[in-house]
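Structure record follows, encoded as structure tokens.
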């Protein structure tokens, strides 16, 4: 996997709803609109997982979405990050004890950043992105030092 | 008296001889028929090139049968030529080159392609005869001989079109259609010949041209010849035979048929320019030809877009491309009487039209060959049934792309070179004409992208698991055409200056044509 | 339009299906400061006359159909069809809740989609979630069940065929590291 | 060319669907020949979960049936429980409920307008209208403590009062919307490209709307005056004059196309503002909840027995909850039905014979809430014959139907 | 063909590389401006102007996935073809005072043809992807291409015809010549109106040529998930991005060359290198203004049209405007 | 385009954007260095949109006051609260919490409160930041 500093500056996001209540989804969209404007950071919503760098996942994983989540994750080219937005994606939130929910997203695909909240404010989502930046920059630093050795 | 003086007749004689030898040889060795044909045609090709070099450097050449010297045109005492003579100027040799190249490559391609057929000896004989007919039409200086060669070519064509046998309904039907078309045209041509002979007692082109008076009868003759030859050339609205004939004939034959239809086109130009020239009302006839051209362009391409049989589709494109030739030459003719305009753009337009003849023969030949290759491997011509073939037939795909790009007039392929000449001259005659020409080009492009998509792209289909690349001889033929296409596309100036321009001039300058024959009469 | 009072409607039903009306009641609810009232009708009817009752309803006005609610009460499954009548004008609407009970050994009811096409999804839901056979549903293919959903599980049943056994129990609070 | 149709699956993950839902379209060229709906991707089994929780917990579950209408479901649920248990809601609470519900309608309709514009590729409108929407979200956050999923409903009343000092802020926001409304209307109804894409697209006839039991703006745009707030006024609506809005109010005619649905929603925006103003003017003082002590409330519900229906006109149409209490901690039955559930089938007549390019806007035009619609249904495309009713079937059904009702 | 010295060829090659590089850089830069301006009109801060560069560098390190159904060499070749052909057009375009690297007989026709090539690259790439979305997108792109070509050709032919009437002996079908003889100076009042109509036509063709709203049906994000490009990722997507950026420069420069070829250096009485710089800067300003009008503003101010509406728009109203322009110019010439 | 939208957009071009540039306007050169600087007070983070008074943010738990009555657990809709029997105290997992504040309401001794903190994103959902004890 290659990483460069441009990666963080141009995160293209694919939004994946795995059974959420929509609350988080509209807050994500709100994050793109003028008040918050995620595009300032080069973040852009794309329509195909093939174009994505980041998967923004919302919602508990319903049985029917289980395979989809995995497939979309596989279709996303490396390097990639996964950010889970909202309580129900992070842990299930209010959705538990159901026959048709397989639980939090991290049971299905590896997750890099969690954004708790139900729904989190758009700023909290931006903060989630910030956590992802920090993680990526740390990763890059460590890759650099590893290479130096 | 060197052998080189006899080249013209050798070009015709060698294939003719081979045509009779093929059935004999076939008795001895099955493979030999094809090889003999290829050999004979390669000799013809070499001779044609040699002849071309000579004509382009020295000037038009005349060959007279049975005279003391082959170049002796006027037998002692007579003021006009009566002997059978071949009369080859830059235009004829230009066409001759096309014929030679196409038929040679057709023969090579056939080496592998005919494996699926029985009775290859007949196939090759007919192929050779067709070639003979075409050479004859292009080289002859005598209107009756023209008729004879036309018949030879037609009969060979009919047989070849229906070659795939009576048991297939369509080939027979297509052959039958072509036969009707041919016989009607033959009849008309004969009738026109009758008119000329009755009036002037002459059959020689040049001699006729020098005495033609543009009488009422001459007009009738012209009225007979133009539509009939346009029909043989496959122009709208007499194009109905082409889709059937082109799609049912075996692929290499289709390629040669394209050239054969151009031989008729050549004849048309010959009649209009060399026979009538200034004596006719150039503007009117020019416009008639332009309208033929526009109609062919549009109807051809729109019909093509909806086809699902790959060869039919290409056939309609052939109709459409013929339109470009008409357009270019038509504009040239329309301004023939206006030296200023002729110089400014008329000549360029004609160069475009004539150059397009050669280019069309090359890329359309290539396209038909690729279609043949697809048919050879998949057994179908239905585009809806094909798909994903680029996975298996890489080279064929590349050749197809080259052919398609050329026919759509994309740079840097030859189609662009000739279309450019047409656009940039025709618009000065009438801007709408070149707008239409360009739009048709784009439609052509779209149509071929569609074909490309349905035949070559998409997932691998299970029924084509066994499909392999085409055999080598077929690839060779396609490769040669591709090289020619690219070469012409990269160095159009070279070709235009050395081949096309002289051809155009020989059409325009009627006097020179008659002069070579009649010796400054 | 002439509006029937809720009492009249109940009477109409009683007239027509006297024997099979199990019980019926009219509820008056109020709201707001002005205490405007609106009424709900609850009718429970035997299965055999259920379809006819819907038909009768349709002769009053084409009803708005909302949903079928279900209740698994041991030996029977009670289905309540929620309709409303006289919508379109202020405060005139009457909610009509038509209930019927199906014994578990004969879970069958006639489809009403021929009368009210909009009921299709709800009927399918009932079929899926409770295993009730809807007779005459236009598309009887097994459309609602996911491929891998067990055939004998009906999530909204409270008996042994319910979905309790399928619940994903891993998702619990106590997931200390 | 022979007729070669091909099928395009759309969803469950597709940019025009912000929520998972699967459609299968049979396409010929660019035209839609057949529509197969296969929802269920978002099915979480909410009713099942709810039947294992106490009513207070269910409020929050109901709120999360749908994040956009996060007032409508708890509203309907609370009403159902109150009806079942015979709890009287204080008047002040009724007014506060209505104010929140109408604020939600404002936010939801603007949200819809933005999303619809986005589906049309008109992102500027999305941006500008969502900027306007932020104001009402700020207000909701100010009143309830959260932008979405307000958590303000409680059985027997509301959890938070609207205090005196909060009133000016509400009026300010309403003034803001009155100010910009003219602009919004101008942009949506006078823009030629929007009209191009929405007029005569996705037509739902009055017949079809009636027979498919469509609700909300979808049915009103087809000319059916149906609005729970008018038909059976609940809560403070009983004191107000709410009239169902149909497009002829604005344009004088009813076509039932997407454009009409835009008209209806925009006019409802004004209506909501007026309703809130009336509520503010007439708000009575008093308690805001019937039982303040939650523990007591829980005990009361544990003892209650009865069944109740709660109906609420959500932004997308009638939202109905049914609750049956039977002297137990858990409700015996909880049934929730969202508006999209009823509107789902209207897609079929709307989409047949339209073009691929119309799919997103037509789908969006009913403002679907798949999350709520899917709360119980499991629909799947597990075999080839999964089609919903085709237009023909529908037509036949409606013909039969018409014969039956018109003697 | 005149003999060209080795040196000349070398200069051309180096020039081509420089132009390609500059074209790409300026293209990306302008794309950044375009995004920024669009964002500002939408009341947002928007991405920094260098954002397109970062997108590009990021895409270059991403994994390049070739879908199973695709034919790899065609799939990977398509973006290269799109980029190379758009760069080639650049070589034919005059920049301010500087005449193009390649020019000659009929190069404007060549440009029209070359303009179709990036689109063809996209179409082939879309078809090669083997995904239904991409196929629908590719079909739409073809329909678009067929539609906008007629008005585009009309504009170009009108120019050629007018010039050929005024200067029968000039090498008229060449952009350099057109650039040197602004249309406004050649025509009377009727022709002036005609020229304005032609400008409108070209302004309408540009967004189609660039697949921007309202003519972005082939990529329609909400319908086709990115349409033609759904299956592309990594390097290939980056190349398509570059091609797009270069095409913006190409189309705007074309408009400038046809309609606003004026330079300002002689007004300021400048000469030499200084004039060159001033004119080049002025040229950049001109293409910026053209881009703002033809691309940025239109794309934010309207909704996407459906593909049948697009082709109708081009075949009927836009073409009619073009023909009217042509007719007015012809009338203008004939009457005078 | 002379549409209503066209005018609106042109006007907007010359207005200040509506964006609240939290936390910084553009991506900084290095996010780590920026955070360092913020720590040292050399740089400032632009604050989020104003938070209203009764905002429901992260829960604050007054451990000492809690009497271990488990009422909060009873009403918590998302099973976010765990009871620790030996200490008779509770533990709240914020990754489960939906910030409904129901536990606050029911707590008889009011030892639970909602704060204004809401920037809770983390790379680990069980990090100490997300568990309130």
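Each chain gets a letter, A, B, C, D, E and F, in the order it is written, and its residues are counted from 1.
Going forward, contacts are C-beta pairs under 8 Å (C-beta built on N, C-alpha and C of every residue); 3 or more make two chains touch, one makes a residue touch a chain.
Here the structure is a predicted model, which is why all the values come from computation and not from measurement.
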item: Shortest path length from subunit D to subunit F (each step joins two touching chains); value: 1
item: Reference subunit D; chain at largest CA-centroid distance; value: B
item: Chain whose mean Cα position lies farthest from subunit F; value: B
item: Pair of chains joined by the greatest number of C-beta pairs in contact; value: C-D
item: Between subunit E and subunit C, distance of the C-alpha-averaged centres to the nearest whole Å; value: 62
item: Gap in Å, rounded to a whole number, between the CA centres of subunit F and subunit B; value: 80
item: Chain centre separation in whole Å, for subunit E relative to subunit A (CA means); value: 37
item: Centre-to-centre distance between subunit F and subunit A (centres being mean Cα positions), rounded to whole Å; value: 18
item: Shared interface positions of subunit C, touching two or more other chains; value: 146, 155, 163, 172
item: Touching two or more other chains - residue numbers and ranges from subunit E; value: 39, 41-46, 48, 221-222, 224-226, 300-302
item: For subunit D, residues that touch 2 or more chains besides their own; value: 14-15, 40, 45, 48, 60-61, 64, 122, 124-125, 127-128, 131, 149, 191, 193, 378, 380
item: Sites on subunit F touched by subunit E in the complex; value: 1, 3, 5-6, 9-10, 12-13, 15, 17-19, 21, 25-27
item: Residue ranges of subunit E in contact with subunit A within the complex; value: 35, 39, 42-48, 51, 53-55, 57-59, 61-65, 221-222, 224-226, 229-234, 237
item: Touching residues on subunit E, where the partner in the complex is subunit F; value: 37, 39-46, 48, 297-298, 300-302
item: Complex contacts: residues of subunit A adjacent to subunit E; value: 2-4, 6-7, 9-10, 12, 33-34, 37, 39-42, 46-48, 50-51, 53, 75, 77-79
item: Subunit B to subunit E touching residues, read off their complex; value: 344, 388, 390-391, 394, 397, 409-411, 416, 420, 423-424, 427-428, 431, 434-435, 438-439, 441-443, 445-446, 449-450, 452-453, 456-460, 491, 493-494
